[in-house]
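Per-chain residue numbering starts at 1, and chain names A, B, C and D are given in the order in which the chains are listed.
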Amino acid sequence: MTDLSQHLLGASFQSPVLLASGTCGYGEEYANLIPLDEIGGLVTKAVSLEPRPGNPPHRVAETPGGMINAIGLQNVGLDRFRSEKLPWLRNNLRAARVLINVVGHSAEDYGAVVSGLDSDDGFLGYEINVSCPNVKDGTLFGVDQQALSALVAGLRALTERPLVVKLTPNVPDIGVYARICEEAGADGLSTINTFPGMLIDVEGRRPVLGNVSGGVSGPAILPMGVYLTWRAAAAVSIPVMGIGGIRSGSDALQYILAGASLVQVGTALFVDPSAPVQVQAGIAEYMERHGIARVADLVGALTIPERE
Amino acid sequence: MTDLSQHLLGASFQSPVLLASGTCGYGEEYANLIPLDEIGGLVTKAVSLEPRPGNPPHRVAETPGGMINAIGLQNVGLDRFRSEKLPWLRNNLRAARVLINVVGHSAEDYGAVVSGLDSDDGFLGYEINVSCPNVKDGTLFGVDQQALSALVAGLRALTERPLVVKLTPNVPDIGVYARICEEAGADGLSTINTFPGMLIDVEGRRPVLGNVSGGVSGPAILPMGVYLTWRAAAAVSIPVMGIGGIRSGSDALQYILAGASLVQVGTALFVDPSAPVQVQAGIAEYMERHGIARVADLVGALTIPERE
Amino acid sequence: MSAPVRSWGRVLETRQAAGDTFWIEVDCPRIAAQARPGQFVMLGTGLGDVAAPFLPRPFSIGAREADGRLGFLVRVFGAGTRRLSAVNPGDELLILGPLGRSFSLPADRPIVCLAGGVGLAPFLFVGADARLEKRDVRIVYGERTGDRVFDPELIRRITGVEPDLRTEDGSLGRRGLVIDDLDLDDQPQLLACGPDPMLRACADLALRHGLPLQVSVEEHMGCGVGTCQGCVVLSAAGEWIKSCTEGPVFDARELA
Amino acid sequence: MSAPVRSWGRVLETRQAAGDTFWIEVDCPRIAAQARPGQFVMLGTGLGDVAAPFLPRPFSIGAREADGRLGFLVRVFGAGTRRLSAVNPGDELLILGPLGRSFSLPADRPIVCLAGGVGLAPFLFVGADARLEKRDVRIVYGERTGDRVFDPELIRRITGVEPDLRTEDGSLGRRGLVIDDLDLDDQPQLLACGPDPMLRACADLALRHGLPLQVSVEEHMGCGVGTCQGCVVLSAAGEWIKSCTEGPVFDARELA
């Protein structure tokens, strides 16, 4: 039997496959369809200090090879997350690791969510979302180097739990932002969030999405995600989670070979809830066929040809 | 009969549909397959001061809903472009407008190409490529605000011909770069070039492309292109050409409604050389059906819903 | 609510039921076993390729047979429904369902279904089920033009009910809308499914006559199971609520 | 060179010719009229959807019939060839061709085709044409294993030539490679198509025996017509040259 486990962020993951934030709710909704406790883990829908109402519909639509969404981080807010959502995760997941995706309008907001959660049980750490393109201030921290550094350093002081920062693809050099997070004390990175995009209803001459623009995800962004993961992983020594368009073991292996220690499956869940199990099986099949004992042996194991 | 013509950059375009740089060579290669003189025009493959050898293969591959390329701006260089390529364009295109895509390692390089061409006949103006992700210094000017401003101002001083700047999608706020170009004297903008991406041959554990990374184009990037065109067009009053994933009249109309005065068709040519004619026909059909007299009436004609 | 199942289903039969509308029967016993009228499924082609429908599309369950067969009414709207409508017997579709809340049918009232366009789909199932239970059920079905009308013979075959047909151009059935000239004296339970303006007109009608109304709404969906928050509609309380799990069937008074 | 044509072609017949290999006949008279052995086409599904092959794929012309029919050998390699291999009679494919340079066959030498794997495809056309012109043509055809061997009966039917078959595992034909145990005493013109290492071995063989060799190369392609510079191979002079217009057939001495 191939060993799919990975050890990082001070914990062991039984497989490198997690579910991406915003695509698996708070776990419970998929409990009948996905054997959640048999995969690596999941990242919750973003949690903010106050509940957020989200954007008007339409909130999702298909794009060529992918989808666009502008949910607007609709969520129940910190208090109800703690009282209604976290208990389910605590009580139902034994082996799968839980990261809580955190958003805020200000550094104080982020801090309040982390502080508010930190003494609870039922999760491993945080994924700090500085890269949501669907709310007005969503990528503020993600593109402003000073603000990002201060945000991460501030959160670092508030928690001993693993702190993973989810980066935006929307910058000239993601390596710079990766290093800023590492230096400010982040334990890991997630690459990438969605790309800003827009669809127009040509007949109605209006945007398809209620929020006008949204974030593009799915297979369409796979090559961008692999590239940005490769660049981010090369820039830092903390682990990176690869995200974007993964729907097979081979897609996941592209990220892993590019330097990702874990991967997250998002949009593919909507197409087929068995996607994470298929991705896991695909990785295992590959490892068996190539006689590879541990996932860690594949992380970053890409041969870059010499150039004259 | 619907009138597809557009008047801008001091010239009239018989249709808003052009062929995108790098996907139609120097025109001649497609002469038997595309009625070049019946479309809006074309943008040549990049021309640099010296010939460039380009990147090792593989140079192209398919990605989900699109393709990735790392040609490396292989081109014959200024002198042979003038002696071998430009004459064909001059002699064969009467109604279609020609823009010459220009690249350089330095501002001097760009300047030398523009000066070297300026007194020739057979083309309307320049598309300044500051956004190629497939060569080492390709996006240097595209992401550095000072360098971009100086480059455009420098070229402005060298030519009276229309100067269009082709922007990179790879920045937090494309509007900033759009305004810099306008202020430095650009006559128009092209949005967008390809997105940096990477594909990995999982079995061989090496990059698919000889250049390791490349630029992603095709339908996969359509929603990003529409968004960035909308943002760029909103930031400036010079005309914008919309580019990215266009393969139908309806795709082109998304760009036009978002604010593009012209559009360019790239990757779709490889799928079907009749793409530009199909796009043109699709726009005409729409205009007839909606009783719209001129393309200009559709440019930016998007209704953005009010938000409480 | 029952637990939704993910299952590949083999297409058994397809037939064109109007110019742009197809009736597709799929073998899917695990979902059929649980289905209730008003529920829907997400119908897709799986992860194999990225052609539309890349995301699965929501479809009302139009029929459920004892042999495990499900029937869907698929009208071509865009690229996704064009591909789905072109499936052939033997093809496999990926199906997630049954999803959402079903109609709740009070025992003491006759049922009047107000169907606009593809809004007919759930009422085929309602009609068939109600007839099985020997209930009084009427299907009032409207289309803009006659060429869009779902084959009335097929409606009769599926439901055993004779549809009260209306077209706006009068080319088939009575000229007019589904809310015109209704006999509501027996204080029926109204059910409505169709375009938004029609649902609003139905709500007015129900209000005027003091009749209970349940509506089935349509909104773009991502997951279909309540995780993505993609499918919201505005509640009477002014909140965005998920139509995939709170709906698609709502009491008309719950919505804004 | 003739001017390439863009044309939809109707699939007339498909048959499985080996485990993962299909023979597909398409009606495409405008391209067939011009085709010469060694040329290729770009085969795709058009702009309608984005499933692989979104970009068309290059295929050697495997046969050309007087009635306007083209034959292609399609081996499943990845997602694009999987979809292409699964077409059915009646389906339409978008075809761009004929493309590239053909083999040039000197009148004064017999012809020996060295075919590795799908490299067989162009030699079906070469063989059929050479037989028509009553020329002496031999087809040496190698595969790794027997289950991959393209139906020899079909090769005979298409070309009228009895292939000299080799497999590395010896399960069909002679055990060994296409360059093993060849009778080259009649100073033939060598033609080769197959994987890179095989082409290099053929070049060595030609050099050793002082025989002329033309090779057909495979490189990823974008446009197929010389505009994109996507398909380059290294020339003997150390330059990247386009295999779609300068090739795919090269004199072996032109390449690095």
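What we mean here is this: a residue touches a chain if its C-beta (ideal position, glycine included) is under 8 Å from a C-beta of that chain, and two chains touch if they have at least 3 such contacts.
Keep in mind the model is a prediction, meaning the values are calculated, not measured.
Graph distance from subunit B to subunit C, where chains that touch are one step apart, equals 2. Put simply, the chain farthest from subunit B by mean CA position is C. By C-beta contact pairs, the most connected chain pair is A-B.
Averaging Cα coordinates per chain places subunit C and subunit D 52 Å apart.
Note on chain placement: the centre of subunit B and the centre of subunit D lie 35 Å apart, centres being C-alpha means.
Each chain gets a centre from the mean of its Cα atoms; for subunit A and subunit D, those two points are 46 Å apart.
The set of subunit A residues touching two or more other chains comprises 56, 64-66, 218-220. The residues of subunit C that reach two or more other chains are 50, 52, listed in rising order.
Chain-to-chain contact here is organised cyclically: the chains close a single ring, every chain touching exactly two others. Chains touching one another form the pairs A-B, A-C, B-D, C-D. On subunit C, the positions that touch subunit D within their shared complex are 49-52, 79, 83. Partner subunit B is touched in their complex by these residues of subunit D: 3-4, 6, 44, 46-47, 50, 52-56, 80, 94, 96, 219-234, 239-240, 245.
Against subunit A, the residues of subunit B that register as touching in their complex are 56, 63-66, 68, 139, 143, 168, 170-173, 195-200, 202, 204-207, 210, 212-213, 216, 218-224, 226-228, 230, 245, 250, 253-254, 257-258, 286, 301-305, 307.
Across the interface of their complex, subunit D is touched by residues 22-25, 29-30, 32-33, 45, 53-54, 56-62, 64-67, 69, 71, 74, 218-220, 247-248, 267-275, 278 of subunit B.
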